[in-house]
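Working notes, beginning with the structure itself.
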Amino acid sequence: MNPFIYRRQLESFFIEDIGDRDVTSDVLFPASSTGALTLISKQSGVFCGNEVIRTGFELLDPSLEVTTFIPDGATIAEKVPIATIQGSIRSLLKGERVILNLIQRMSGIATVTREAVDMMGDSPTRICDTRKTTPGLRTFEKYAVRAGGGYNHRFGLDDAVMLKDNHIAFAGSIQQAVETIRGQLGHMVKIEVETENEAQVKEAVAAEVDCIMFDNRTPEEILHLVTLVPNTITTEISGGITIHNLAAYSRLGADYISLGSLTHSAPSLDISAQVQSEEDVR
Amino acid sequence: MNPFIYRRQLESFFIEDIGDRDVTSDVLFPASSTGALTLISKQSGVFCGNEVIRTGFELLDPSLEVTTFIPDGATIAEKVPIATIQGSIRSLLKGERVILNLIQRMSGIATVTREAVDMMGDSPTRICDTRKTTPGLRTFEKYAVRAGGGYNHRFGLDDAVMLKDNHIAFAGSIQQAVETIRGQLGHMVKIEVETENEAQVKEAVAAEVDCIMFDNRTPEEILHLVTLVPNTITTEISGGITIHNLAAYSRLGADYISLGSLTHSAPSLDISAQVQSEEDVR
Amino acid sequence: MNPFIYRRQLESFFIEDIGDRDVTSDVLFPASSTGALTLISKQSGVFCGNEVIRTGFELLDPSLEVTTFIPDGATIAEKVPIATIQGSIRSLLKGERVILNLIQRMSGIATVTREAVDMMGDSPTRICDTRKTTPGLRTFEKYAVRAGGGYNHRFGLDDAVMLKDNHIAFAGSIQQAVETIRGQLGHMVKIEVETENEAQVKEAVAAEVDCIMFDNRTPEEILHLVTLVPNTITTEISGGITIHNLAAYSRLGADYISLGSLTHSAPSLDISAQVQSEEDVR
Amino acid sequence: MNPFIYRRQLESFFIEDIGDRDVTSDVLFPASSTGALTLISKQSGVFCGNEVIRTGFELLDPSLEVTTFIPDGATIAEKVPIATIQGSIRSLLKGERVILNLIQRMSGIATVTREAVDMMGDSPTRICDTRKTTPGLRTFEKYAVRAGGGYNHRFGLDDAVMLKDNHIAFAGSIQQAVETIRGQLGHMVKIEVETENEAQVKEAVAAEVDCIMFDNRTPEEILHLVTLVPNTITTEISGGITIHNLAAYSRLGADYISLGSLTHSAPSLDISAQVQSEEDVR
Amino acid sequence: MNPFIYRRQLESFFIEDIGDRDVTSDVLFPASSTGALTLISKQSGVFCGNEVIRTGFELLDPSLEVTTFIPDGATIAEKVPIATIQGSIRSLLKGERVILNLIQRMSGIATVTREAVDMMGDSPTRICDTRKTTPGLRTFEKYAVRAGGGYNHRFGLDDAVMLKDNHIAFAGSIQQAVETIRGQLGHMVKIEVETENEAQVKEAVAAEVDCIMFDNRTPEEILHLVTLVPNTITTEISGGITIHNLAAYSRLGADYISLGSLTHSAPSLDISAQVQSEEDVR
Amino acid sequence: MNPFIYRRQLESFFIEDIGDRDVTSDVLFPASSTGALTLISKQSGVFCGNEVIRTGFELLDPSLEVTTFIPDGATIAEKVPIATIQGSIRSLLKGERVILNLIQRMSGIATVTREAVDMMGDSPTRICDTRKTTPGLRTFEKYAVRAGGGYNHRFGLDDAVMLKDNHIAFAGSIQQAVETIRGQLGHMVKIEVETENEAQVKEAVAAEVDCIMFDNRTPEEILHLVTLVPNTITTEISGGITIHNLAAYSRLGADYISLGSLTHSAPSLDISAQVQSEEDVR
């Protein structure tokens, strides 16, 4: 992740949650009061979020000491301590909710991704994400997919070409669309095309695109379509795949299966924050 | 929603997704090419997001014409048209994904909230949210909870007091904590206290707090605790309630039930975007 | 105060004042030249601004050493040293004016607030502020009111309800307005209503609002109106009260008196900055 | 004023005041409800702020219609209508406080400036401001000084040189300091020097600076010092001048008198906002 | 170009140049004074910048009318009118310099790019840019390269892999580096490798990278190296190529030649702004 | 340079170049891998950019150690080490390109400026810049001009008056324009007027402006015009002067020659970055 992006985002998240000030803790605790906050898993799953914990608390209060115990992408059981942060209680309580909201989401995504990856068993087909991410959190969520063992599809509209039905209809054919693209784009951009039937797959193969997507096809269809594509072209299954129907697509011979649900519908992984004031700590 | 907040956020979301430019559509479609994009539900649920649709496409390209068909909070069936946007195809395709990502999330939250509200039947107990929202999207998500028929808990750390175990332990007692707060905060801030047993509830009642939360209590416990609280104090059930166990809490006589899951784990409502180029439209 | 807000604001204030660079000090002093800047009161009053001094100079140049002598809210005589900052002379002279402009304003507000509080003597009525703050400085100014011994009214339009004549007229009655609000807002938001006569006060009492404001009423009127309100509802005197006519309102039995003049018309407290270059310091 | 600066600032001011939303008006008024807001003076004084009114309400809601009646800098009596804004009541009530806070401050500054200017009678000496402005509002406040008939001193540290005692002490002499500056700065920057006695004034004259400030001098001293300065050099009286002691300095023959109090301690001019809903308007 | 990026950048450019206000034109011209500004080429070259002209003046003052005459990428002679903007003279003069600075730079880049493209004659080798762009202007400059007939290399560090000597040394070999990359990155990212000799080229071919760069090689070396690469892999000549030595590389059979000098050292194309006030216009 | 400006700009430059992350180095190097990056001149010239190197790498990764060897403005030969940065290889490779792009541009400007200054020999005429700078980089580029031995003209539209033909035509005469300006602007702003013939120069002298520009005049014309101007007024030659025709203007007796080409067309100075991983360093 780009540190300039996650720092800027974390700052705006803290402004959103803290607002003018913490009317509870700033009134009840003196500035000198210290303690320790421990993040603990309340569910088993795949943890993701160390950089958020470290940078988040450091931005909030540089005098806090952060210790993390679990590497991103590690599977954790319930009740496992994830990190301990020591220092001003006011700062600990001010930062707790934003950090939790973010790492629970990231860990939720990592957990669902790992689940999908594990369901693939020894199939060479890889699991990847889509652009169906939470607005403002793409950098965090695509990182979480990687932490869970998945792969990233294109980041945005600018780093790869995706030819959909509208593009093809307007251009006249896949061949025409690809030629126009190749005539204007440089050599560092990959071209993928969405296909829905045998004719389109054959056209895409003839156009020598970099990747062919089988869009909303049944396992049976894919089993056939995939045989039409040479090894030099990557294949991707997409459209309505979730953790619940993934098994049916896991061994069809495609290179990738992309799941929007990894990011748009992953439930948060439950993580709690336990705070001890100094007196308790002693 | 504050227009200055959602405009600023929408701008940053478009920068995140579009990056330098749309390498597919900007190359394939001429600037003069027009068409229509229709947003259509792919699932039944509660729709939420008109302001996002209108403002989002207008910020992207002021010449686009946006027509919306469904009021926020309305229940929609599958395959219902939600909005149509007409104008430059390049702009339609550039804006589609960001708008979908946001309204699918908002509609997902509104749908789960409505589900919870409906499960309450004629119980006077209200459903409310928490601060467990997606970082950066609190304004959007709290709006979606309202659209679904739920109520908002405090927005952030600055608009209401929430006394938790740490605060009470440090202050010495609920009474002490409330006195300290009342000694320093003005008259426009409500005070809620988390309680876990009869003694705490009684102490909170004696301290005349504005709201008492029964934190992580069983339905049986709550049934008893709620009788200890006079009508002048609001009661709230909280802790681990989801759509799945909500029924057990729906008729215990509390004023509110708060569910973090409304915002942190609501799956997106599936909405698709169908684009027709001008030729098709004619 | 939320550190993310005051840091961001201080940065923009320094950009406003320094512009491209300090054409005087950057030319005359070598980068290695050091010295000490001492902030000294030129008037007696109530000081407020330590966080601004510390964070402001630290953001400007992390190598500066800041020592502060006076706690926020302390009464100071004339010619009292408030803080000393040591390090690069260029940095000291670059930061001086912005810091002075801000702490003079904050101290001016704290001083007027204290004056108002002192005028109340042993009256239980509290002094509070309004939303009539300097745009961009609300967090700083509301903090200064607290430092002066005053209380904060609502922070903005989002954290409490204030029913004014337009709202009531449109709703039909105070009762109607309150019912509509209670029907849509959650339990963590207080409701205040502006009243101008006995009938309205009685209506507000019947509606069980959280707070009743006597708006632009004479002391005589208030003396009567306040008797109509039970202890469970907070009362607030407002409208045209300044330090000059405050005495007449101090013992009427209301809970709060709000003064816009605390923030919109408080004169700055005069504080000077004396700089000694290293040679002098020795 | 630079439109890019005041637009950006107005946006941040609205975010500060509105926060998540207006919990009162957004709930009580339907989106379709319209009305008119009229800004009316409650005191006589000098009005300033048309651009803020027009741009502020337009940014908030482009469908509002703004009509202004009083040019910036005009003297107004009590109860004079300043502007009328028509459209959505929600928008009118959302924008009212921010606009009032800003134009009351600007008009307060314009009023005090005009007062100072008027006290000068037919004296050729001009009134000017300083850098003692409210952080974040310099562009607005310097504009208000001009509207009141005053002149602007330098905007910030980058557009003119101001040699103070520290600079002179370090350089060794005024002559030395000026030579160093002239050796390094280009021809488009003016040089002013603060002087406290006859020797310094003579030294400054010899160094051919652009402007000589008599800093914290008595009227008697200035009467003498001013005779030492040729017409080709501008003279400025500064230090502790307020509206209360200005008369004593008005006819000493200097070119400018600068008053920090114009901006740091001007009380707001009282302006009220009267809102009529559509029904009333008819 | 992404409109959200160029709008945001244009705003910050105007703030940089205008600062507090235009002390010349705002004083001399009344707000109602109108006129016309015509942008005219002072040199022949390739024009680029219509979007900057249109959006820049519109952001500055929405009432200005902009008419453009020359499409981006068109070759223009000396003294050709490029665009006319009509409206407030204050706005015309306020915007002139920023717009000129930007379109002169963009046109300078387009002109050098076209010159390079023209030197290639009927060679199939394409001209492309690098990441050696002006910080903050990459979107504008890469657009200008396209307008001149060139192609874009990767936009930044995130949209394509570039293996340099350090990466290869650390990984152990090109093969190893590529395997590690392929093991962790998804299918939508291209991989290029810098090579300096026959062994490396062969290794890269064996690793089936997407693109092989001949880094700082002589024309003779390249003539040989290019024969080692199959058609399925793109080849790129890079390192020290400028418009002056380009000819020697134009017909070596590579697919691309990249020139950092297109963006880091292109002189501006001279364009002037002629302003006529209304009186002249009649 | 104002640190708040260059920090903010450097952050946005890194976001532009790094985007989501460095897909090459973040994958190939472990986070713990360290090394050293040395910046080395590939051409002789004048170096400028230490603050950019120090602050840029520190913002990217505070654990990097930066050592610089060459003061800003020093002449360097080819192959001279400029700075060494030690620490995380990922960070070194992430920051390299942005820093190079900026210091190459700054050094290019310093080099051309020094060349111009050197061509002036012992002439008392000074070299200065214009507002023809790269949008967004004015602070950096004006600093580079100073590092090269040149002087800065006004920074923007707000810090000095420049009367051009339109202003004069509208005002009626130079005299009229100057009077209007003097009537409204304070004493800290210089006034320059563009002149094209003897009549205008005489008029400007009579109006006692601070500076007279000879705009687009031949050396012969200037030789005469300069004799019309008394010593108390600064003279400036401007319009179409570049390093190539500068000699003809160097000894005409004017005080300044301004060259837009210093900033709008200076080619970058070539500087390379050599990276050694830890193993090599040992």
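As written, the chain order gives the labels A, B, C, D, E and F, with residue 1 at the start of each chain.
In this section, a residue touches a chain if its C-beta (ideal position, glycine included) is under 8 Å from a C-beta of that chain, and two chains touch if they have at least 3 such contacts.
Predicted, not measured: the structure shown is a model, and the values here were computed from it.
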{"item": "Chains contacting each of chain A and chain C, listed by label", "value": "B, F"}
{"item": "Touching both chain A and chain F (chains)", "value": "C, E"}
{"item": "Rotation angle superposing chain C onto its copy chain D by C-alpha atoms, nearest 5 degrees", "value": "180"}
{"item": "Of all other chains, the one whose Cα centre sits farthest from chain C", "value": "E"}
{"item": "Centre-to-centre distance between chain D and chain B (centres being mean Cα positions), rounded to whole Å", "value": "43"}
{"item": "Where chain A and chain D are represented by their mean Cα positions, the distance between them in whole Å", "value": "51"}
{"item": "Geometric centre distance via CA averages, chain F-chain D, whole Å", "value": "32"}
{"item": "Multi-chain contact sites of chain F, meaning residues that touch two or more partners", "value": "2, 18-21, 138, 155, 158-160, 184-185, 189"}
{"item": "Category of the chain touch graph - line, ring, star, complete, other", "value": "other"}
{"item": "Which pairs of chains touch, using the document's own definition", "value": "A-B, A-C, A-E, A-F, B-C, B-D, B-E, C-D, C-F, D-E, D-F, E-F"}
{"item": "Residues on chain E engaged by chain F in the complex (per definition of touch)", "value": "9, 12-13, 16-25, 27-29, 33, 35, 89, 93-94, 97-98, 100-102, 104-105, 108, 131-138, 155-164, 166-167, 169-171, 177, 180-181, 184-185, 189, 261, 264-265, 267-268, 275, 277, 280"}
{"item": "For the chain E and chain A complex, residues of the former touching the latter", "value": "2, 126, 128, 146, 151-155, 158-160, 184-190, 192, 210-211, 232, 234, 236, 255-256"}
{"item": "Chain D residues touching chain E - in the complex, by the definition given at the top", "value": "1-5, 8, 138-139, 142, 155"}
{"item": "Complex interface listing, chain E residues touching chain D", "value": "11, 14-15, 18-21, 59-61"}
